[in-house]
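Next up: the structures, one after another.
The two complexes that follow have chain A in common; it is paired with chain B in the first and with chain C in the second.
Right, the complex of A and B next:
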């Protein structure tokens, strides 16, 4: 059949030619049938006439019993090659004369039938014809002839073949012409489709040349191409926009990073300046304070006799205030130094550190009767000296603020939470109003009057700074006159120690 | 007589009030016969090495130097380096008395051969006490080679 991948052009051609060939064959077959039929009819008629002529001519020879003359008549059939044999029978049925075509095989002459007529056997025809003169049957002419039906058939087929070839060629030419009208638009669509697929060029369009189904197809195809082109354009535009915004984002990021870097540097510089400033201020303030206090002492000593009690009281105020200011400066100095000191972390047995500090504090005033409860505490990772400072400040606060209670209780301990260790110092002392909680850890922030509980307000700020540098947090709970609990946490993973 | 007039303590201090308080503290304790006060490092070196204004000062030199670190022109560190680096003077004990608690200052001082490092207390009484103890140790207890 037609190969599947053959072009529509070829397929149509094959269809058209096959149709034409089939029609031609059908026509030829019908014509052949008719022709063969009429040919045989004609032939029988012709042979009958021949037999009549021979019979008429041979009448005198039969009447006069001239067998030689009858044979001569029969001999005249030589001119008809299709006649193989012939005979004349006398009225009584005996053979009067016979004829056999030269080169032909021996023929067995049949007995005389009762009636005239012919019979066909294969391609041979036997024909009998009575010789009638007046009312009397004189005899019968017999002719045996051979159809040359195959020769005729071959001839015929040759002609039919030639006609078919010619007409197929003609129809091929016509089909070619005609089918172009049909296939051209299809081929064009196919060409455009191929271009689109090969070059990914969705801007090509098929041209519409007809208004039939192919025209509809072209319209639909072009519509789809337009749709695809639109979608692709849209996608490209989106992509461009995306890339554009992406690059802008990167730019912005870089800019932001740069700005953060610059700010960080500025901040670090400012921080350093501030620390340097507070260091040098507190450092340079020491000498005048020493002088104020010192010369107040000298004043008291060197002019003892000239001074009254009130003067001495005032001198003592100058001395104690100078001393307090000195303490403030020392604390401030310690606080500023903390920012510059590099952490030296190690594994800390917090219970041991806290207990040592407490023992040292208690040593200073052995008369105190604090109920000190040391709970268990997880180890931590931190700078030992700094955590000694933390415990020092928290515990001395607890001692200080619980000192006025009849039975001071100080409890310390720690637990391990999910990501951090949490430590606490609890006392039953003066406590604080939780509204001022935020102020607890600021430098020089105090919640009690100096007369009540002396202090500079640096201790908890120091605690806050140390714990924060270790990556932890500090917080506190309290109620006035019921006590306070200070907590601090440290991460289980060691922090880098940056401020 | 000469021994009696010998300078026993050289106080190097740029702050006049600090110097007065220190001297007062030392005098109260009757530790030294004579205390000489110089105002900066340059003057201190002139004194120790008998140069400039002190070219004619009597021998021998001080038995103890109380030295401030932060001074104009020549600081205490340079003074320590010069005195401890000189064969003639390296045996004189130097006690650094300063407001600086800087670790680097402490390390530098000891590395250069300073004998003590004392952070000046804030109040006069403590300052006087510290000066007295330093003087007492280096002049009365410590035995120096003859």
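Right, the complex of A and C next:
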């Protein structure tokens, strides 16, 4: 009935007009029904009264035989166009006076009057009414009337139609004026809502003009807008802060990286300088210490006769200490060289490498009776020369620290774990206190006195350096006088070999 | 229009016919009752349009009609009022002769007389509330209230309101409407 997209303004107008029209139609229908129903009865009552009036007025005319007066009374009916004919009959039933409406058709009057009452034929009505004075019947009034019910209906509908048109126009005007009070605030809110939707402008507000539900709506709407605006503001601010801190973080990060890079470069340079220094120091120290050792030998040999026993003994101490220092310098140079040498990895049969090293060591001192147990070992990927040094150091350590046992036992072997190969060397020698485990692999760190077990303290540091350069780990466990076990692992995947 | 004319014509014929009857009554002695009976009937009907003073007080009493020196009229009246009520009252007819007391009468009929004699007969009734009815030409000037006339051979009547007022009687306008003539001021 009302299009969905029509404005609330129009919808309300339609609703109001429809209500008014419906009410009017209903009222008109009810009135029409009532009127038509009561019309004939009213009409008959009216005509009867008319007949009574005529009869009463005409009574003296009948009584005193004045036909002209009676006819004059009847003539007064011409004011009633619905009455087309009338007559007065005298008491004996003869016509006393008659009346026919001017312009009406010829009417045939009944020959004799009937009893009081009326009869309807089509749209014509015949009515008889006796004239009674006291107890005497003086005559009868006859009225013939025509009722134009269709004309009345048309007339009625015409009036109803006119009234409806007028009242609808009036209610249209009133509704137009009054509904503005209701729709204007709603339209305003809708306008603001449209602005908000179109322009994304949450700062606009609807103005409040009423204190009713629409007023509440306006308040709620404005409240929501304010809330949204606030939230958006907050979000923007947060975003700004976030972006700001992010950029600052990035800046900081870049700066940090730069600094780390710089420091690393500095460190690398320092390391290089240090290594270069220690190498050159070691290298330069070698010549004087050889000279000391050499001249000590020359002194002992050339002046053998001139020297007492005591002097000879001191010269031999100088010689051995010079030799020891030379050894120390050699070890240091080896250790230092390790950091500078590039790895040359290949497939290694570890069992073979270890066995060769052991045979070479044993060859130096064939009197020793060591129970050497060589277990199976997985192949590994590494630098052969370096791993020969690893085994050399580990095995010579094991031999050295187990030498004081009655029956030294050295056991080596290896297993494959998930990601790595693990190799071990176990002896039943002097062992060590596990509290000092951390110190084992440091350069020049020694757990035993020089007099007990000679050594420079570089060996295990060298092992540690080689294994870690191959991406593996080194560790050891043991107890004093119960032997020690040294482990090292190598990754199954080849490592590129940075320190 | 045409039928109205016809009925008017018919009415005129009727009147003519009744006039003939009246005429016959005057000429032939065999039917003298016609004019007399019409006048007697009218006489009874007049009472319905007249209001007497203190009517309520006397409502229960019979309506008394006096007839002065006209036994024919008295006979006719007695005949037609037997067992009849006028204004819900029984009717009593009294024969009156000159010099009789008129007290208690409501209506007094005086037959045809010379004006001097009539004036003399009506004089006692003037101060009393009595409807005086006469049948002599010019009787209204002699103090009569209603006087019968013959108009185109039809019985009609004329009324003197001044005389009625003097007798403290009220006449209905409906009666006046059918009177031939209504005299409103006393004639000198």
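As a working rule, the second predicted complex is superposed on the first by the 344 of 499 C-alpha atoms of A that agree within 3 Å, B and C clash if a C-alpha of one lies under 4 Å from a C-alpha of the other, contacts with A are read in each partner's own complex, and residues count from 1 in each chain.
What we mean here is this: contacts are C-beta pairs under 8 Å (C-beta built on N, C-alpha and C of every residue); 3 or more make two chains touch, one makes a residue touch a chain.
The structure displayed is predicted, hence computed values, not measured ones.
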First (chain B), second (chain C), both or neither touched by A:308:
neither
**Request:** Check whether A:326 is in contact with chain B, with chain C, with both or with neither, and answer first, second, both or neither.
**Result:** first
* After superposition on the shared chain, which partner residues are touched by A:289: those of chain B (first), chain C (second), both, or neither? -> first
TODO: Could you look at A:122 and tell me whether it touches chain B, chain C, both or neither (first, second, both, neither)?
DONE: neither
Requested in this report: Answer with first, second, both or neither: which of chain B and chain C does A:298 touch in the superposed model?
Outcome: first
As the complex stands, chain C meets chain A at residues 1-4, 7-8, 10-11, 14-15, 18, 42, 45, 48-49, 85-88, 154-157, 172, 174-175, 177-178
Given the complex, residues on chain A that touch chain C span 57, 59-61, 63-67, 69, 71, 95-100, 102, 106-107, 109, 133-135
So, in the complex, the side of chain A touching chain B is made of residues 283, 286-291, 293-295, 297-298, 319, 322-323, 326-327, 329-330, 333, 337
In the complex, chain B touches chain A at residues 15, 17-18, 21, 24, 99-101, 120-125, 127
